[in-house]
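What follows are several structures.
Note that subunit A is present in both complexes that follow, paired respectively with subunit B and with subunit C.
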Partner chain A sequence: MSTERLPLRVWLLMLPLLIVMLTVIGWPLIDTIRLSFSDARLVGTGGHFVGLHNFTKMLSNSYFHSAFFTTLKFSLWSVTLELVIGVLVALLLNQKFHGRTLLRALLILPWALPTVVNATLWRLIYNPEYGALNAALTQLGFLDSYRSWLGEPGTALTALIVADVWKNFPLVALIALAALQAIPNDIRAAAISDGANVWRRFRHVTLPYLLGPLMVALVLRTIEAFKVFDLIWIMTRGGPANSTRSLSILVYQEAFAFQRAGSGASLALMITLMITVLAVAYLFIMRRLAGEGR
Partner chain B sequence: MKFVLHAPLLAATALLGVTVTAAQAETTLNALFMAQAAYSEDDIRSMTSAYEAAHPDVKVNLEFVPYEGLHDKTVLSMGAGGGYDVVLFDVIWPAEYAQNNVLLDVSDRITNEMKSGVLPGAWTTVTYENKNYGMPWILDTKYLFYNKAMLKKAGISTPPATWAELKADAQKIKDAGIVKYPIAWSWSQAEAAVCDYTTLLSAYGGDFIKDGKPDFQNGGGLEALKYMVDSYNDGLTNPNSKEFLEEDVRNVFQNGDAAFALNWTYMYNLANDPKDSKVAGDVGVVPAPGVEGISDASAVNGSMGLGITTTSKHPDAAWDYITYMTSQKVQNAYSKLSLPIWKSSYTDPEVTKGQEELIAAAQTGLAVMYPRPMTPHYQEMSMALQQGIQEALLGTASPKDALQEAADNSGL
Partner chain C sequence: MSTLELHGIRKSYGALETLKGIDLDLQNGEFLVLLGASGCGKSTLLNMISGLSEPTAGEIILDGRTLNGVHPKDRDIAMVFQSYALYPNLTVARNIGFGLEMRNVDLTTRKKAVAEAAEMLQISHLLDRKPGDLSGGQRQRVAIGRAMVRKPKLFLFDEPLSNLDAKLRMEMRSELKRLHQMLGVTVVYVTHDQIEAMTLATRIAVMNGGQIEQLGTPAEIYNRPTSRFVAEFMGAPPMNILPTSAVAGGLRLGTTKTVWRCHHPASEIVVGIRPEALKTKTIAGGLRLSGRVELIELTGPEQIVSLALDGASITASLPAEEELRLGQALDLYVDTERLSAFDAETGLRVEITSEHPKA
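Presenting the complex of A and B:
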């Protein structure tokens, strides 16, 4: 079946879906590519062909550079923290203890919240005048006076990363937990009877089972983090002084606030390209891992 | 428990109500408003229900977004082929909207009665290159609010009339330990920061644009930002102002954590409401101050208008609804959060009663309202300026350099 050509009947059955996919995914993509080579405005005329001008303009723009590094920093930190915390929590929830089911159920809660709600919640927590974080830290003696977490470039991005990690580590934890439950108990028992300590058991028994599913989580989370928009838009709108402006926010401003659909499209394409490169790299690593076998 | 039982019932009644009106309605208008400052969502809903009651053949669908989403939502819907018939627009957008054909030119629909009855300053809100793109609706500027009790405690008998006096008074209040940071502003990276900056720029006699080129980096424009930075560095301004929007300013002020605040009309009656505010009864309002030898008072034109989109299929019905919403009768009846556009309202007891102080401040303030530049590139200029203001506040650039950079990136 796998190497044979698909019979016509199969193609016919898939045709409706293919048409739908082509119109809702293919057409906008093609139109975005067309736009990216034009000076079209959001409202009004279709614009003229300007060649690579939009791309060269963006690539040489300092706004683009700083947004790129902001996005990179955000993605690296939040995905790393989500993976580490996610795995640790999954290991904990895989132990047998009283109230485990309740904790497992609670775990889904942050992830089930819409990002908009999450962002609003964290904005309240970080509120410089009446926020819970300031109150907690001053009462515990860690802070002398209230701080403006989202108003200083030094802390604003960190504050955003924390909010993102809180919302998204449960996804990693859930995936990891599912993988952990697939590990046969006799392997673990064998390792224990062979005298392997906790670290060696994790490294040689648990981790190989976790790697595949974790790669999936990594790919999903990296792509999502790289596209981050709503969280930042609600919490800082890219401020203070544009220190938290991500690439997606730049696209939004370019295309919708400034109405330059052409250069907005070129930016969007570049982000898509970056994400594709990341995804392909991950797939490559996954293949390698699978090829090595367990 | 009672609520739980009644909720589905209420919902069912509401649904029923909607279907009944929908069945009768021949024309449906979609209108986009904002839920932030000026008229409250409740006000707009009740004005609209009264209109629907008087026009059973018209149904108005209301949609509310925060100010920050108003422009983009309007433009986006136009890009997607329309959807709204009536949109609320800010004074800074007509140039861009005219260039992109977003709003209908309604110059011919405006009657002589409207022309003579509405304050001249209000008309600037909807006019670009001698064409009217709607009716002014919210006539608003930023006033200086002060806490009477705090001023009295610090031995200050009259509210400041110049920006220098404001600084001196704030210092007195700070020194007396009455409040840690006496002044609250909305300097978040948003249009609100540009409104505060414009107020100061107008006081210092600055210009945004001169001979087609940005000029805010010189003279009065530079003085304005220097004032902001100085008051910030001296600890007279609440440092959290750089993440505040208008509602944050209101919260701080009505919680008794600020002696002075710059904010729109709507704060006056809300901060004086004992249900919500700890400082009710102590709220004073004056026009934003001036600068000795240059100006007696300062004000930013923060007005907004209602317009008909070019994609509307019911421009006549839309205009009828707009005329109703902007009518003197309706505006007088809802004058607690936003003041009318009509001249004679300012002497009408229905409007002035209980808010004489606000009316007095409005009569000075509205007369000196300073416009933000009318340019199709406004959004770009504003964002460059927002970044410049914040860089100067954070100390990463001097006011001079920050404004120069903003001017270079303004797209002008």
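Presenting the complex of A and C:
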């Protein structure tokens, strides 16, 4: 990358955009920081400066802890499953067979659906009275009686993870498929005649080509999963018994349901910080990969 | 001792027949070059020898063993690709030793073999690098090393030098020739470059449309092409082809006044003259072609001169020292021994004997 200083002209050209960005992103951010140090409420007057009180209170709050671990669990499971399933599906769709083009087109469908639609769809599937999952499992003999998948603390988070994986594995699969198609045929042929079996061909030929693009998918998906809000809000609203309350849901409840704008803002800032750490860590890894993969 | 036999190899993709019956018999230590234009089926043939694809019909025999249906890794054949096909995440050393590693050869034997090959290819100092850090020529050496360590019965090369620049290509060409002479291995080498074919081959198979048009030593292919296709494919600048018409006691070249006194068949004949067979000095018993200099291209050691004849144009490679001017009249002479004659209809070579005037 060039480290040359940008000439003044470039800054001037960017100025209008910079002003817009600063007003729509910079100002709210500064206001959030200001709020996070106050006991302001959603309605009423500005509130008083309370120092780090909001932060210390949150960090010792058990709601915060459980929301953090719920978010972590959700992110780890959904991203891992999306990567594994995505790669497997990509490997499958990279094979030659009849109807491959149709399947490739269909693959995009879950990902193209808006989250609201996907969430509503899965709520119907999980419905305790007429949901397809209950019907299927009872008819196949796996289940004696209908269950409320989203209504039980033991299964709600898993049900959400499944819905999220269903929606987002196609993105990973598409990225992986593009990477697979970029593998030169000659290398595969060379590995075959060198006597490499299927696993070693995957390990030494396929994987090196997949790794970079998969890192990108991993970054995107982890950050998005960590911010998850709409899917949970539509399917469970954080329940039952707060078992699916993610950090974003907690922020929403704190700031809007309980109208505590100050502590809500402090919470939002902490999430932003965590995601920034994730993003920087991944950028670092990607840079190293880019440095190696020449 | 490795001999390769191909019997009636055919390959079809759907209704399209890419190879239309290939027969070859390769002796131990031979360097066979498959030469042909892009798309004539060279790679297809090579892939079937290596086992990456199976022929639709025909038999492949290596050292008396039928290879049809044998897995590529069990064929004892190593292939070098145009794109190098190195494993990007492995070091040069592991790339070279990969075939041995996959065959579970122990580490010390492997290391020794890799070091030996690297030494021979002068890439010992690169063993710890990744392919991404190497130049094209170095990568191709690694690819050759990877084939060498396996000590295969047969080496296959698919246009290995096509991705290199001109200077490097020449260097690697000599390198390959040196390696072949040193190791005495059997090689099938695919290229569309006739210079590569001429310099490397012990025998050349010129391919055309899925068939072998001519099989012979470089000298045979060049001097006695069995068809007009081979004649025109080999040589740069290409061979001049002139139509003829029968006159009393010989053939008249084009619409010129030049007559080749010879015994010729009744069929229509075209005559081929290599540009370097044309001279400015009189040749006893030779033919004279008179024309006007139309174009001069200096290549360094020689000049390529286009000569406008009556209604035709021929190209001559003349020594650079000859002083020529555009538009000047020029007489060129050719020894009739160096003429090739082809049937205008079938394109096949016709042997024609000259009638020498009593001196």
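Heads up, the rule we're going with is that the second predicted complex is superposed on the first by the 289 of 294 C-alpha atoms of A that agree within 3 Å, B and C clash if a C-alpha of one lies under 4 Å from a C-alpha of the other, contacts with A are read in each partner's own complex, and residues count from 1 in each chain.
Definition applied: a residue touches a chain if its C-beta (ideal position, glycine included) is under 8 Å from a C-beta of that chain, and two chains touch if they have at least 3 such contacts.
Nothing here was measured: the structure is a model prediction, and the numbers come from that model.
Participant: After the overlay on subunit A, what do you see for subunit B versus subunit C, clash or fit?
Facilitator: Superposition result for subunit B and subunit C: fit.
Participant: Would you sort A:Q253 into first (subunit B), second (subunit C), both or neither based on which partner it touches?
Facilitator: Touch status of A:Q253: first partner only.
Participant: So in the superposed three-chain picture, is A:G47 touching just subunit B, just subunit C, both, or none of them (first/second/both/neither)?
Facilitator: neither
Participant: Just checking: does A:N242 make contact with subunit B only, subunit C only, both, or neither of them? Give me first, second, both or neither.
Facilitator: Once the two structures are laid over each other on A, A:N242 reaches subunit B alone.
Participant: Quick check for you: in the superposed arrangement, does A:P128 touch first (subunit B), second (subunit C), both or neither?
Facilitator: After superposition on chain A, A:P128 lies in contact with subunit B alone.
Participant: In the overlaid three-chain picture, which partner chain does A:H204 touch, first (subunit B) or second (subunit C), both, or neither?
Facilitator: So A:H204 only meets subunit C here.
Participant: Now for A:G212: first (subunit B), second (subunit C), both, or neither, which partner does it touch?
Facilitator: Touch status of A:G212: no partner.
Participant: Should A:A191 be classified as contacting the first partner (subunit B), the second (subunit C), both, or neither?
Facilitator: A:A191: touches subunit C, not subunit B.
Participant: Rounding in steps of 10 degrees, give the angle subunit B-subunit A-subunit C taken between C-alpha centres.
Facilitator: 150
Participant: Looking at the superposed set of three chains, what is the minimum CA distance between subunit B and subunit C in Å?
Facilitator: Least C-alpha distance: 43 Å.
Participant: Which residues would you name on subunit A as touching subunit B in one complex and subunit C in the other?
Facilitator: Of subunit A, no residue contacts subunit B in one complex and subunit C in the other.
Participant: Would you pull the subunit B residues touching subunit A in the complex into a rising list?
Facilitator: The touching residues are 68, 71-72, 75-76, 78-79, 96, 100-102, 188-190, 239-240, 242-243, 248, 251-252, 255, 257, 379-380, 383, 386-387, 390-391, 394, 396, 411.
Participant: Flag every residue of subunit A that touches subunit B in the complex, lowest number first.
Facilitator: Residue list for subunit A touching subunit B: 41-44, 128-130, 148, 150-153, 236-242, 252-253, 256-259, 261.
Participant: State the interface residues of subunit C toward subunit A in the complex, per the touch definition above.
Facilitator: 47, 50-52, 72-73, 75, 77-79, 81-90, 98-99, 102-103, 130, 132-133, 146, 150
Participant: Touching subunit C in the complex: which residues of subunit A?
Facilitator: 184, 186-187, 189-197, 200, 204-205, 207-209, 292-294
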